[in-house]
Structure formats: C-alpha cells, structure tokens
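Per-chain residue numbering starts at 1, and chain names A, B, C, D, E and F are given in the order in which the chains are listed.
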Amino acid sequence: MSEPVTTNPFVIMLINMTVVFIVLIALGLVINLIHAIDPTKEKAAPQKEAPAPAPTPAAPAPEPVSADGVSPEVIAVIAAALASYGYGPAAIRAVRPIERDGWKNAGRSFGVQRTLE
Amino acid sequence: MSEPVTTNPFVIMLINMTVVFIVLIALGLVINLIHAIDPTKEKAAPQKEAPAPAPTPAAPAPEPVSADGVSPEVIAVIAAALASYGYGPAAIRAVRPIERDGWKNAGRSFGVQRTLE
Amino acid sequence: MSEPVTTNPFVIMLINMTVVFIVLIALGLVINLIHAIDPTKEKAAPQKEAPAPAPTPAAPAPEPVSADGVSPEVIAVIAAALASYGYGPAAIRAVRPIERDGWKNAGRSFGVQRTLE
Amino acid sequence: MEIINAFVISLQAVWADSGFSAFTMGNAIMILVGLVLLYLAIAKEYEPLLLGPIAFGCILANFPRTGFLEDPGLMLAIHYGIANEIFPPLIFLGIGAMTDFGPLIARPSTLLLGAAAQIGVFVSLVGAMMLGFTEKEAGAIGIIGGADGPTAIYLSIQMAPHLLGAIAVAAYSYMSLVPLIQPPVMKLLTTQKEREVVMEQMRTVTKFERICFPIVSAILISLLLPPIASLLGMLMLGNLFRESGVMDRLSDTAQNSLCNIVTIFLATGTGMTMSAESFLVPQTLLIIFLGLVAFIFGTAGGVIFGKIMCRATGWKVNPLIGSAGVSAVPMAARVSQVVGMKAKPGNYLLMHAMGPNVAGVIGTAVAAGTMLAMLK
Amino acid sequence: MEIINAFVISLQAVWADSGFSAFTMGNAIMILVGLVLLYLAIAKEYEPLLLGPIAFGCILANFPRTGFLEDPGLMLAIHYGIANEIFPPLIFLGIGAMTDFGPLIARPSTLLLGAAAQIGVFVSLVGAMMLGFTEKEAGAIGIIGGADGPTAIYLSIQMAPHLLGAIAVAAYSYMSLVPLIQPPVMKLLTTQKEREVVMEQMRTVTKFERICFPIVSAILISLLLPPIASLLGMLMLGNLFRESGVMDRLSDTAQNSLCNIVTIFLATGTGMTMSAESFLVPQTLLIIFLGLVAFIFGTAGGVIFGKIMCRATGWKVNPLIGSAGVSAVPMAARVSQVVGMKAKPGNYLLMHAMGPNVAGVIGTAVAAGTMLAMLK
Amino acid sequence: MEIINAFVISLQAVWADSGFSAFTMGNAIMILVGLVLLYLAIAKEYEPLLLGPIAFGCILANFPRTGFLEDPGLMLAIHYGIANEIFPPLIFLGIGAMTDFGPLIARPSTLLLGAAAQIGVFVSLVGAMMLGFTEKEAGAIGIIGGADGPTAIYLSIQMAPHLLGAIAVAAYSYMSLVPLIQPPVMKLLTTQKEREVVMEQMRTVTKFERICFPIVSAILISLLLPPIASLLGMLMLGNLFRESGVMDRLSDTAQNSLCNIVTIFLATGTGMTMSAESFLVPQTLLIIFLGLVAFIFGTAGGVIFGKIMCRATGWKVNPLIGSAGVSAVPMAARVSQVVGMKAKPGNYLLMHAMGPNVAGVIGTAVAAGTMLAMLK
C-alpha cells in the first residue's frame, strides 16, 4: 500500500486490531478443522474421560536440575502440560505410536547417513 | 568442450562409461600401490592368518540402542566390518598405535586451545 | 599514516616496542584500578592470609583423562591455579555468590527460551 | 637527534590516529549506556543472552576510527546480516523448534487472548503518532509491546532502522521486567473471585494435530500476510522439525548451534547500530516510555478479554491467563501461575497460560505483518 | 462515516495485497505437491531430513507476493547459496567424515561394481535425450540414477537449474524406495547358486592406508576431472578429518552442526526453486519415470558386473553386492545383505557390500564430472 | 567408424580439459609441500587442527583448471571470507571464551613479560627489512614471532596477502616446535639459581575483576589502536561470555561449533592461497628463517625481562616464566614448568607462567595494531 488510506492513529489502530483478530480467529477455525478431520483422535477420546473424576491438576513435580542450564523448566512445563492432558509417563510414549515394519525401521536407524547421500 | 563432438546419445553413453571405468580403475591401482608401499602392513599380516580357520563370519552383534538417534546401525556396521577383518575388541585398539614421546603427548592433550592460537 | 616518518628499521622497532609497552602498562594500571575499586574483594582477603604458612604450591593433581580430547589439561591448569589462590573445592563455589531472589532465579531457569523471544 | 625526532613524531602520529583523538562526548555517553546495559544483563540477569552482546556491540560501535561499517571485515558482514533481515527468521526457526503449541491446539479460543494482548502494540502506536513520530516509526515502536525480540528487530529494520537499538533495548529490558510490570495490572483489573477460577483439564492433543498445525498455519498466515512469510514460515518449519519425530537432528541444530551462532551475530550487530547520533536523542526516552505503556496496555488487554471469556464460558476461564497473551514465553505464563497461586493455593494455571502465551508469539508476528502491509 | 469508509478501504487493500488475491491454480497444485511430499517424508519416512525441508520449501515458494527471490533477506541469501553451488560440497564434507572407506580399500576390485552401477545414469541420459530433453538436461536427469543427493543437486544447478526441484525430489524419493526397487531386479538377474556364494573375509586395512586414501584419491580425481574438484576435495577432506585421528573436533563438527545447518539451508532452498512454472510441466513426469529407469538399470548394471566378477574370481564374489554400487549408503548395502540372507541364512554380506556402496558415491561424482567436462 | 572417431576425439578432449594437461612443475612441488605439511600435521601432530586443513587447502589450490578463485562456489565464498578478514576475529571469539585471564589479573606485572617477548616480532621485522622485504612485508613476517595464528593471518591479509601461506605455515609450525626451540634459549640465558626461584602464591581473583577485565581492556585497547578493535573486541566478548556466568550457551557455541566451523574455513582457505607463484620463491625460505629468529628472540626477550623482574622484586619472580610471554598458549607455559621442574623438582611454575602466556596473546595483538597504525 504505497499510499495509506488514513493517517488517523485511532483508525489505524482499529483496522490493525481487526486484522489481527480476523487472522487469529481464522487460525482458530483451522485448528478446529484439523481436530475434526483428525483420523487418529478416537483412540485418545476414552483416555480423556478417565481422568475426569480427578479434576485436581497434577501438582508440579520437583524441578529437575539441569547441569547445562538448558531449559529444565521448559521440560517441567511440558511434562506438567502432558500430565494435565491425562497422560501418565506410560501414556506419553503412546503419543508417537511405533507402527513400522522391518524395512522402515531399518531405514530409520540408517537414516542419518543415508539421508545425506 | 564448448562444442560437443557428438550428439548421438549412445556414443555419449559409451564415452562417459569409459571415462568412469578408467577413473575408477586408476583409483583401484592407486589403492593397490598404497597397499604395496605401506610401511606398517607387516604387523597386520600374521593377524590375518590367525582367524582363517574360523571362516564363519562373526554373527551380527545385538545392535546398540542409541538414544540420540544418530547412526547406531552405522556403528554396528563398522564393528561388524572390523570383526570381519580379524579384529577383536582388543585388536581394534591396535589400529591406532600410540607411540608418542612425552612432549608430543603433552602437545596433544593441550591441543584444543593451543591449535587455535 | 599514509607516509611513514622513518624507514630506519631500528627506529621502527624502537617505536613499536615503546607503543607495545605503553599499551600493556596502561592495561596493567587499569587492572590495578579494577582491583582497587572492587567492592567484593574484602571477603577474599582473609582467605589469602590463611594458606600463607604452607607456601609449597599444591602438587599437580593426577590429570583427568578426557575421552573427547577436549582440554583436560586446561581444566587441570585452572584447578591448579585456583588451588594456588587458596581455594579448595568448597571455596571455589564461593567465587560466584548466588544471591538471587525467587523471581530472578525463575527468570534464569527459564532463560533459554525466554531470551530468544 | 633524528631518531628522537622520528620517535616523537611517530608517537604523536599514533596518538593522532588513535580513537582518543576523535573521541566525542557522544561516544563516551554511549559507552556508559553500554556499561549500564551490561550491568543489567549480567548482575540483574535481564535477558543476558541478548542484552549482553547488544550492550557489548553498543560499546564496540562507539570506538572512533574502527571503520567497522566502511571497511570489509567481520563487523561489516554482521551488519549486512542485520540490514537485510537475515537473522530474525533464523532465530524464529529455533524458537519454533523450542515451542510446544499443544496448549494452543487443545484450546484454540486462547488465540483470542493472544490477539487481545496486541492492543498494547497499537496503543503504543497511537501514542507514538501523537508524540510526533511518523507512522512507520510509530509502528516499529509499538511492536515493543509484542514482547517478541526477533519480530521487533525484523519490523524495525524495515520500518525505522535508525531506532533499532532503542527498540531492541526497550523490548528486551521490559521482557525481563514482566514479573514486575504485570502483577499490579492483573490484580487491579480482576476480582478475587475471578482470580480463583479453576480451569478444567485440557483435551488430549494428537500427534496428527501437532504435525498439521505448523503446516496449516504457515500456509494460512503467509497467504494472508506475505510480508511476514519468512518469519512465520521459519517459525513453523522449526516447529515441524520438532513435532514430526523424524527430523530430530535438524530440530536440535535449529535450537542449539544454529540458534546460538545467530544470536551472537544478531545481538552484537543490533548493538552495533547504537551510534550516538541515533540513540542520544529525546526520542529514545519517549520510546522507552512508550514501551512501558505498550506492556501495560497489552497486559490489560489480555486480562480484560480474559474477563469477557470468563463470563462467556460461564466462569470456566481464569482471566489471569489473559496477561500471558503478550508472549514473553514462558515468563508471562509463569506470572499468571504465580498470581493465580497467590489468589488460591493449588490453582495451577501454568499450562493453561501457555496457550495464550504461544498465541502471543503468533499474534505479534501477525500485528507486524499487518503494519508492514498497511504502513510500509 | 469517514472512519467506516477508511476501515473498509483498508481491509480491501490488505486483502488486495495478500497472497490470496494473486493465488494461482499453479500455486495451489504446488502446495498440494508439497503436502504430499511432507506426507511421504513424515508418515512414510522417505529421507525425512531432506525431503521434509524440501517439501516445506516448496510450499513456501508458492505463496504469492512474498518477494523471497527479489527482496534482500534470509530467503534470498539461501537462494544465493543454492545458485552458487555452495552447499553441496559442505554436505560432502560431512559425508566424508561419516564414511568408512575401509571395505573399499580392502577390496579395490569393488570399485568396478561402483563404476558398473553408473550405467543407470547413462541409460537414463539416453532415454532423456530420446524423449527430447537437451543434452545438459538429460545429464542432470540421468544423475538421479546415481542415488547421491548432493551430487545430483550440484550437477543440476550447473546443467539444468530449472529442473532442480524435480530432480532432487526424484533422487531422494527413489533412494527411500531402494528396498522396494532393488530386490526384484536382483532376484531376476541372479541364480540361487550365485546368491548363495559366501565371500571370504576381507584383509586388514591399516591406518596408513586409511589416511593415504583420501589424500591420493582427491589428487587423482581432481586432476582428471577438475569440474568436481570441490565436491571430491571436500568429501576427502572430511574423510581425512575422520581417519587422521588428530582432527576429531573438525570431524565431529563436519558431521554434526555444520552438516545439519547446511542441510537445513540446502533442502529448504532446493524446495524453494519449485515454482509452478518449472515443476508443473509434462517433463516432470518424464523425469520421475526416467529416475526409476535409472535406478533399475543401475541396480542391474551392478548385479550383472557382479556376475562377471563372480565367474572371473572363481565364485568368490556374490553378485548381490553389485546392486550396492548405486550407493544410497548404507541402504543399498543392507538390501544386498537381506536378499543374501534370504538365499542362504547366515550369509552375512553387509560388510562386503559396503565396498561397492561407497565406491558408488565416488562413481557418481566421477560420472557427474565426466558429464560436466563433456556436456557443459 | 564414425563412432570410434568420436570416441577417440572425446577422450582426447577430456584429457585436454583435465588438470594433467595444464599441470606445471610448480603445481607438483606445491602438492609435495602440501603432503609434507600433512605429514607434519598428522604423524608429527604439529597443530593438526590448523596445519591439516591448511595443507589440504594447499593441495587443492594446485589442481589446474578448477576455477576455484574465478567461478562462484564454495571455494570462492571461503576465499571471500579470507580476503576480508572475516574469520580471524571469530576464532578470537572462541579463544576468548577458552582463556582464563585470572593469572594475569592476579599479577598484572606479567603483562611486562608479555610485552618484552614481542621483541622477537620486531627483531624479525628489522631482519626482514635488511633482507630486502618492504616495510609491510617485514611487519607481516615479524608477526610470526607472536606465536598467534589468527593475529598473524589477520595482519598478513592486510599487509602482505601474497605471503599469507608462508607466514601461516611458519607460525603454526614453530608453535608446535616451542618445546624444542625454547628450552636451550632459556637455559643459556638463566643461572641455576634463577631457575630455582620459587614463586609465591597468587592472590585471589574475584568474579568482579574477571568480568570487568574483558570490558575494560576492550575499551582501552580499541581506543588506543582502532585497527585491531575487531580482533580485540571479539576476544574480550568471548571472554565475557565465559566469565559472566549468564551466557554459557553463547560461550559454549563460541568455543565449539562456531569455532570449529570457522577453523575449517579459515585453515582451508589459508591453504588455498598457497599457489606456486607466491610460495615457490626464495623469500619463503627467508620467511621460515626469520620466523625461527623471531621465536628465539621472543623467548630471549621474555627471559631477559624476567631476569630484570627477578632482581627488581628481590628474587620473587622466576625468569623462566618470561619465555611464556610469546604466547602459544598453553604450550609455552608448560615449557616454563618443565624447565623449572628440571632445575628444582617440585617447583610448580605452570600457573605463574599462565600470566605472561595470556599476556602474550594481547601483546601480539597490540604489536599487530601498532604496525597496522604505523606501516599500513
């Protein structure tokens, strides 16, 4: 836009905020759409019911001390967030179901070198 | 070659394959030459004889699980390859003979910082 | 200086060495100045007296073998240097006094991700 | 005799060519500014990874006669990377690889809080325009309220490069002050009852959703706002590295070695734009003031929208999570958590606040894109 | 009233400047192509480290009005690195540091298998020329059969940059499909008796040989074929880092942080060349077809030459290791191993197949050099 | 018939375009030089991390017709980084992050030893001028005596780029030979009594001092000598990363991934400047000779000044620590330690010698700055 329509600050503010809301609402709709078409969600649904009777959110676990100073808190946050979704340590593993046949597994473990060829 | 001699695809194929073979054969000759002049090969020769009575190749060892996903298979391949050369775990160490005097050793352990001066 | 004042090598040497000495002496003065204004030095002073009766410098500790080849010697040097300043392992910790309130600590542990926002 | 003469003349020449002979009061003050910023970075731990090199760069920039910005060399190469917006998208690649968008995906309504908190950006823009800044300058100043360093730098380079230093310093300083700035605003705008609202657990987020999200949002936002396609694209590429589960090597590099290398260059180079002429002007004080205004209004915007959502959902949303919409990940979310805990011990808001918190990163990028589309 | 007017006009202007208003059917199809490639990369694990960023780059390239290739910025900087062949030699530095040439040194005759497998490259070149591609285009297409991504990219940039995207996608896709493509060809061309050949142990390789090899082969091949001196030189420098035993720091960096950083740039930048105009043409389908032809003929060439060597050596060479000559390290060697094991359990061919496998990397680089010398 | 004809002509053309047909005796000799340097780097472990890639770069540079310095590509990009002094300050960033200036801060008088050892630089400069080199060339040659690779490369690029290869090779070779060159000089110039001096413990250095030192010395030296502001600035920025305690991520990256990446480029690129025309000249032998002179006189200068300090302090300084002033950190300090131990077992000089050792790094940078200010 080489020539702005208005130089009134309040109009600029209004227009910009409107665009921000429109874009983020559109994004929200898209997230709902992804959830709606998600072919993997059925398995997770019953898991969600189960922990409902215990609505108290998990207490924050003692924070792990990370020697290199890299984001121990972030790890805790993620763990806590996962815990609140109804995942226990065992359930977390299930997030990335391993359903590969032998070949794909082989490919995966060979991946590092192979992929750079 | 700004002006190709021929545009006949089959001639191009023939010439290119010939060059590829010539270059790789030359490389093979050079490898043999390196082997011939190798001043360190005597020590290894008797070792090669020893495992001959047991021609069954070493069974592949259980693959180490590498947490970071970086080429556990490759490590296994290298280990297996070494095993097939007649190296046991002890022999592998001998590949890089440590024959340094005190100063050089000192230099080596100091190497990291020193070499960047 | 587009046109050098002199082309006499010895005069060049003399002038250059003089400048080098002037600059490094100035740096030395600045180091002394830093020491003079150092608001944290009182705590360390008595510690310096204590080890005086034992002027024998600490014997070099057995050098730790570092598998990755990264400067084990340098670590030893630093440790030895610290030891010679009168620090034991316990004293070393005191070099960086931890005097933060809860918020700052929180900020620190969150630092990695936060600082890149 | 000749030798002594040559000797004296040479020493005089070295002195005449030294930085001291061209040293200005402006240089001295800027070096002091650099030292104060270093103090804040190291002793007060204000965003040390960024403010540290920025401060050092500021000091370096104020040595006369170094030729940093004229002669070829490392400093000119870094400057080139700054002037051409090469570094901020690479930082966003790393941030994407570090960010867990799960809480946002689980409760997309928190995107509204991330949008509402951008009001700080635009209030500050209005204020800047009324104080006499041009529209472009006002936009760059306003983005301080977004609490997103790379976005602020990206926008400033394009809209007001002469203000880059002041804007970056203000943005990173206030980000460190989030735990001081936000709680009073949050308490002022909420009732005890609101602060005590307990939120229910979020739903499970599948791997499918986590993988689709970065792809789809990159497409949607880049199409809507092409000026931020490289920023958003890299953020979402980094997040895809993280969530795909098959690109861990790239995710690790994006978060660590690449991110750290670029941080050194970005921060030092940003500091090196802080010349006396561009920084020691009255506008700098206004920028710092407007930055504070932006943070306060952003916090207020998030909290007030949180109150609306609280009512709209039948007291299922705690308005305190709205303040996290300014981003400053994860500091602002932690502030929500701490204020919530004070109102009702055991009310664990952290993971609920992470939704608006990461939404705020996207929201600020969108706000920057909007301004680039409208004002540039 | 005026406000509403300005408001509506502004929103229209933002929309008019958005990507949607310039969105073409070509863009839509290319974004779909990118999504399909992402699916292959993530769900099917087809070379995810490369195909993932390529696919994402393809999507990015098809957002209108981003100005990626016109305005200065990260994307233009990456494009510069692509257009000037800066990245492939750096990837080869890392590959060199990862590669164990020991099996090749122990049995140099396997170089012949690595040479024979290049027949796929040239069969594909012939096919491409007969289908109407120019000589340069045909050479770039043929190199898909080399199963070496960086070499394919290096050659394509110089001989047919408009085909880069299609060639890279075909090369990496077929590399992932090696376990599906090769076994039928291998079984068809060999007898049960041949497949059961047990190979004897390889001789010991000394450290002296391991160190001399990269030096001498860099000298020999660079002198014979100057156009690939930077590619071969970096491969062998990386291998020297690995084998010297005194440059482990550099070897580690070449394999990890540097290699990963360059991979991100190379792959994303390759994807960003995939514009609708250059990719959505009938030739793309032909390229994909010719790539498959190249893989099949390369496999066949290796196996048939393996049969010759089998006879020539008095049944001391199992022809199945010939197929590994297409490179795709170490996938193809593993295919040899698996097919061999099926023919005779306990017949462990993996280390024997590593010789032709790494020879195939050199062979493809040599083939690229020959074509650059003859056709460019 | 036609096919055979085309075949023969094509093979002849490939040969005519190969490097062999343009190979000169100079190329052959330089490749031999590269092989000798590789031998020294790998078998003798002379600074392998630097001399290894330098040697390989030297070999690469002497392949005819590669077009490395004419055609765009990785090699030209590396060359650009060399020609514009981009890499040495980045190496200094890493060195700063690796260096403990504590011993220097504890005993600032050791700065004088670091200054005195620079006499080798200027004796070599005088010698070079008397042997017919220009002033700039002589300055670049003299800096070999500083035993600081990056500083030598930085100065040579600016003062005598055609001598870069010879100077870098001489500098790194002699650095490796410090344990052979220094002890005879040290023993010759000291008495048994002097060598037996036991030094008292150094005082405590506070964190405050450690943090102030890099900041203040960057300011002081950059103002006095602007031509080395980028070198000194990066050294001290790296040291601040190390000492601040709040920038460990950046310190780690500066020491490791960034430093290693830049080392690969710097060393390979330095080697690639070693063309036959610039290296195979009589001056190269003179440079190697003058480098040895510089090391010997630098050692002597440090030791003699150490004797002066010994007397001035009432036998509280062991003159053997003076030789460490040539830098070559920490080799030279270790030499002081070993010679001291031989004179009196249990006399642990290492930490005392670290002061002049790190002072020598600063001293050489200052000497380079002085020469750039006076001679350039």
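Here are a few things to note about the model shown:
FYI, contacts are C-beta pairs under 8 Å (C-beta built on N, C-alpha and C of every residue); 3 or more make two chains touch, one makes a residue touch a chain.
These numbers were taken from a predicted model, which means no experiment stands behind them.
Separation of subunit A from subunit D in touch steps, taking the shortest path, is 1.
Shared numbers divided by all numbers used gives the overlap of an interface; between subunit E and subunit F this overlap falls below half, so the copies present different residues. For subunit A, the chain whose average C-alpha position is most distant is F. Distance between Cα centroids is largest for the pairing of subunit C with E.
Pairs B-F and B-E differ in how many C-beta pairs touch across them, and the larger number is found at B-E.
With centres set at the average Cα position, the gap from subunit D to subunit F is 40 Å. Computed from the mean C-alpha positions, the centre of subunit B lies at a distance of 50 Å from the centre of subunit D. Our note on geometry: subunit C versus subunit D, Cα centroid distance of 33 Å, whole angstroms.
Averaged C-alpha coordinates put the centre of subunit C at 22 Å from the centre of subunit F. Residue positions of subunit D touching 2 or more other chains, listed in rising order: 10, 13-14, 17, 45, 48-49, 98, 224-225, 245-246, 249, 256-257, 263, 330, 370, 373-374. For subunit A, residues that reach two or more other chains under the stated contact definition are 1, 15, 19, 69-71, 73-74, 106, 108, 110-113. By the touch criterion stated above, subunit D contacts subunit A in their complex at residues 98, 100, 102-106, 108-109, 111-112, 114-115, 118-119, 121-123, 125-126, 129-130, 135, 138, 198, 200-209, 212-213, 216-217, 220-221, 224-225, 245-246, 249, 330, 333, 346, 348, 350-351, 354, 359, 362-363, 366-367, 370-371, 373-376. Only residues 3, 6-7, 9-11, 13-14, 17, 44-45, 47-50, 91, 94-95, 98-99, 147-150, 172, 175-176, 179, 259, 263, 327-331, 334, 361 of subunit E touch subunit A when the two sit together in their complex. Residue ranges of subunit B in contact with subunit F, taken from their complex: 1, 5-6, 8, 11, 14-15, 18-19, 100, 103-104, 106-108, 110-117.
The part of subunit E that touches subunit F in the complex is made up of residues 83-87, 89-90, 93, 211, 215, 218-219, 222-226, 229-230, 233-234, 237, 240-241, 244-247, 249-250, 252-254, 256-258, 370, 373-374.
Contact residues on subunit E toward subunit D in their complex (touch as defined above): 10, 13-14, 17-20, 23, 31, 35, 38, 41-42, 45, 48-49, 52-53, 56, 59-60, 63-68, 72-77, 256-257, 260-261, 263-264, 268.
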